[in-house]
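Here come two complexes built around subunit A, the first alongside subunit B, the second alongside subunit C.
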Partner chain A sequence: MSTLPATRWERLVYRVRYFLLDREHLGRDILVLFALAGWALALPHYGSEFVVSMALTCLMYIALSTSWALFCGTTRYLSLATAAFFGIGAYTGALFLEDWGWLAVIVAGAGVAALVALVMGSLVLHLRGTYFAVLTFGMTELIRHAVSYWEKQVTGTVGRVLVVVPERDTVYLTMLALAVAAVAVSIVVRRTRFGLGLMGIGADEQRAQTLGVNTRVAKTGGFALTAAFAGAVGAAMSVRWTYIDPATVFNPFIGFQTVLIALIGGAATLWGPLIAAIVFSLLAESLRLQAPQLYLMTLGLLLILSVLFLPGGLASLRWDTLRQWRDDVTDWWRERRDPKKRSKKKAAAT
Partner chain B sequence: MNGHPQLEARGVTVRFGGLTAVDQVDAAFAAGELVGIIGPNGAGKTTFFNALSGVQQPTSGDLFAHGRCLTGAQPHKFAAQGIARTFQTPRVFGGLSVAANIDFGLQFAGLHRKSSWLLKDEDSILHLIGLSDLARLPAAAITPSQQRLLEIGMALATRPQLLLLDEVAAGLTEAEIDSMAQLIRRLRDELDLTVIWIEHAVTTLLRYVERVIVLHQGRKIADGTPAEVVRNAEVIEAYLGDEMMAEPV
Partner chain C sequence: MSLGSWLELIASGLITGGIYALVGLGLNLQYGLMRILNIAHGEFLMVGAFLTWMAQESLGISPLLMLPVSFALLMGVGMLVHRLTFRRLARTSPNLDIFEARGLMVAFGLMFLVQNFAQAVWGGDLRGYDFMTDPVHLGGAQFAANKLLLLALSLAISAALIGVLRQTLLGKGVRALMQSPTGAQLVGIDTERLHPLMFGVGLGLSGVAGCLLSMAYTISPAMGEPYTVTALIVITLGGFGSMGGALAGGLALGVIEALGMHFTNPSLKPLLSYAVFIGVLLWKPNGLFNKR
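Coming up: the complex of A and B.
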């Protein structure tokens, strides 16, 4: 038998080839990312305080939902634990802020969240579907109550006031860097073997296993990566709030909103979560003050509509989709007015 | 290789609650063998396959590849040891192109394994299974019989030494079954693969394999050449019955 050893070189060629497989889109993705980042970079120089604060929320949700979709969108493991990692990051940041440098604080937030995710992931990642979702949510609550208990019993406080906080622009730039990193990591991961493995897990986990994917390692690694981003975002955001307590930073709403944004935008796509994050931050800031209930109702309504009519999310919206909707509506209207007419048309179509 | 069989099952038992799907099955497969597994519905053929490929952990018993114990290992370890399988209903990645489906195996289990020139890359594997013309189509868009071929191609992309085929000829026409059998023979001869082939259509299978294992109610009741097996009284009683009487091989 003539054999060809799978040499290191051959493997490298394969990886490079895979990475460049979608060269056209790679260029497009990087360009879009640069353009958006540049625009956001300039914002603090001319935007008002309100605009910058809105942009900060926007960047926060871009980082959270893009990194969430990176793991949960591709593998279809619906994690509700974002709030846990966010809160862990925020608390880690608050503990080290006075002694450590700003960058070290962010890294520590990411690191501790990733460690917790490794433990949590090894416990629950063998479950699927609803069980996984419910357990991640349960663990988030467990962590929240554990931190509350520790605050009351051990340190005798309710929350923490952060005294030494960096400037507004530092926080803004950090959040921008995290958002850019989340998108950049997504661009890279989607084109690597790791991303291919995650996709295989999402499509058919057992098949992927029999083709050689170490699913346990891939899942735990991906989960930890997502958590690291949420932790870093939490650490950066805590200084913006200057006062944190478990109810604020472990607020399950942060987790839900991240998931909703990713789903409405299109969890399987790269740009979907980003598009939806921008839409929602604008909606949130404009509606929340005047009519908070209206904001939540809009969120719920949009989720229902997107699940029913746009299962691929906002990013899957094309002109053809709109045209299809228009035709469906006209058909429906015609049928209501004259049922015979439609049946004739339908017969012609088939 | 080192005197050990390529794959060996010792006393493999799989229980689901009160049901014993596979009951104390011993079997050894030497390099280059073409073995068929037959048995009536519910005999435990697929469950036995699941145990052999690591998809289902046996309740008791052990599995060895080249004498190395694989009991309790995850399926990717089996793939890394050169054990590849197909599924009864094709489980291709529908959203990916045919070529990308092949590439998946090459990227994972196939990446670190030595390969024959015939399994060098996507193109050569597509050529081998005869799907070169469909390379760019999404795997969901090709016909079920082409998906069966693609399943085999995906398994080959892991650059295996042993191929487990689960009813690859089910639902195919007579001519398609024949070309499938030709392909399987070719894989064995040119790639030195060991092939274990489950098929429900007994007469078809017996025509092509050199050795048959018969499962009945989870137990192995016969193991030998097709000619020996069809004369085995227990086999005739348990399974073959009228079908074999009407159409002797």
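Coming up: the complex of A and C.
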């Protein structure tokens, strides 16, 4: 690095230049995002009703799993609370839908979810690993049961019917905007001080702290950011369903599937969750109606296989990985057929 | 409230508590020994319950006879699962934290796999059969005979497990591994053999719990998940890796739930158990009965 620029303006120019030129793959990422967004934008004009609804599910999971990976993938804090934020967003949206504008409803959903995440995060983010995962799951269930208790005892209802709903294209465009925003925010955050801090926490939290990252603020902020996206998606998606109750919008399955998609795609990568979300939405829509159990069993099996054989996710798949697998299999087969040969080879190697 | 109804209330709490203790003990064995937080634990309880139901309905085999059978079957399943997944995971993971996170994910996959397999095979309906339903009178209170049997058997099995761990050489090895994995290996305890065995025993216990449960309650493929959560609550109450703690925690949770449900209302039950769970985890992450 040369000498630091002196004036404020020069510093800003230097920063922007550094941001645009000096980082890997920025141009590629932005171009891919534009191409995908353009294609998705054109879809409602020629696609059938079925295709559009499938694309909507796809965009929903892209937004959810990309924003999940943004915090949980980089810091390796495994949050299972996505369903809670999704449900909170959906309920907030349902409460304000009749009186407020569409945009305000989405923002309110995101805001309330982020607020809950701030409270939840300040309580549980000092715990790592399994404790964190289990606690976030427990809190999700607590919120779900609290809301259904409130519905049953206080207001005397089971769920809510949404009377005033916006048009299909409005919902679609909102969801597209959210998905694009999630990817764009990931692209930007990965290159900022905040994002690098998150990555540092993922690698070694104590070291990051020693090197001057305010881990508490970074973690809580990242958690709230994830929650805001999930809340906005919840608010936008609930109007598609026109009827919501705690069992559907707080369904833990929404959270599990988000985590599964992100992990199978590769939680530490940018494009992994997106690729996996597309694959899974296609798989889900084609299998769910004929054989729902088969779909879920495939999901479970794929998760196990990917954790065992491809811990980095689909996005980490390279030719070398395949070659490595082939070598492993041939080694295993040779050992099976002739144990002596293998041990001789091993002995020669050592 | 009369003495009889108090007795009934406490006993009904202890009956569910006994099942909780069995499930909790199994999960605790897996988590305390190997750091595998088996989220699919309750699903295997469901499998045990369905196996018993099937044997009773189609072959007319007594559920009591199915007790050891379901234990052995699920123990076999557990050892197979361990060999296929967790053994490789333990070898390839760079450290214990990563192993724990990956193990959790594998268990999630197992949960999806087993639950939906059961749904595909047995359908989503509620099932049940009649077994020893005559009422028994005890000191002014009235119980169904099958529930009393359930309590007695679950307590006996828990006590037997704790006894085995306390008294035998095998149990000594297991306890040593819980205290210090490296130290235990240094004095010649074979992890390669003990880990799959104990994982199998853990699943076997959940199979036994399912078998017992099917004697007195209706069963369905979705019944597993609440028990997984309960088992988690139980081992948090008792402390990860503490066997006596899990037994006490399970019984305590059963009684707390019964009392809470009686004095407030039944729809508060899940709220209550999650509140206890989160409260304990935040307040005492090492368990109530842990002195550390």
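To be clear about the criterion, the second predicted complex is superposed on the first by the 305 of 350 C-alpha atoms of A that agree within 3 Å, B and C clash if a C-alpha of one lies under 4 Å from a C-alpha of the other, contacts with A are read in each partner's own complex, and residues count from 1 in each chain.
What we mean here is this: a residue touches a chain if its C-beta (ideal position, glycine included) is under 8 Å from a C-beta of that chain, and two chains touch if they have at least 3 such contacts.
Predicted, not measured: the structure shown is a model, and the values here were computed from it.
S.K.: For the overlaid complexes, name the partner, subunit B or subunit C, with more touching residues on subunit A.
M.R.: Looking at subunit B versus subunit C, the one contacting more residues of subunit A is C.
S.K.: A:127 in the overlay: touching subunit B, subunit C, both, or neither? Say first, second, both or neither.
M.R.: Only subunit C; A:127 stays clear of subunit B.
S.K.: Is A:260 touching anything from subunit B or subunit C once the two structures are fitted on A? First, second, both or neither.
M.R.: Second partner only.
S.K.: Regarding the shared-chain residue A:103, is it in contact with subunit B (first), subunit C (second), both, or neither?
M.R.: Neither subunit B nor subunit C is touched by A:103.
S.K.: Check whether A:154 is in contact with subunit B, with subunit C, with both or with neither, and answer first, second, both or neither.
M.R.: neither
S.K.: Between subunit B and subunit C, whom does A:163 touch in the aligned arrangement: first, second, both, or neither?
M.R.: neither
S.K.: Pick one for A:300: touches subunit B only (first), subunit C only (second), both, or neither.
M.R.: second
S.K.: Is there a shared patch on subunit A that both subunit B and subunit C touch, and which residues make it up?
M.R.: In subunit A, nothing is touched by subunit B and also by subunit C.
S.K.: Within the complex, which stretch of subunit A touches subunit C?
M.R.: Listed in rising order, the residues are 76, 78, 123-124, 127-131, 133-135, 138-139, 141-142, 145-146, 148-149, 152-153, 256, 259-260, 263, 292-294, 296-297, 299-304, 307-308, 311.
S.K.: Looking at the complex, which residues from subunit A come into contact with subunit B?
M.R.: Going by the criterion above, the answer is residues 1-6, 11, 14, 18, 193, 196-197, 199-200, 203-204, 206-216.
S.K.: Quick check on the complex: what are the subunit B residues that touch subunit A?
M.R.: Residue positions touching the partner: 53-55, 74-76, 78-80, 84-85, 87, 91, 93-96, 103-117, 120, 154-155, 157-159, 191-192.
S.K.: Per the contact definition, I'd like the list of subunit C residues that touch subunit A in the complex.
M.R.: 37, 85, 88-89, 92, 97, 100-102, 104-106, 108-113, 115-117, 119-120, 229, 232, 267-268, 270-271, 274-275, 277-278, 281-282, 285
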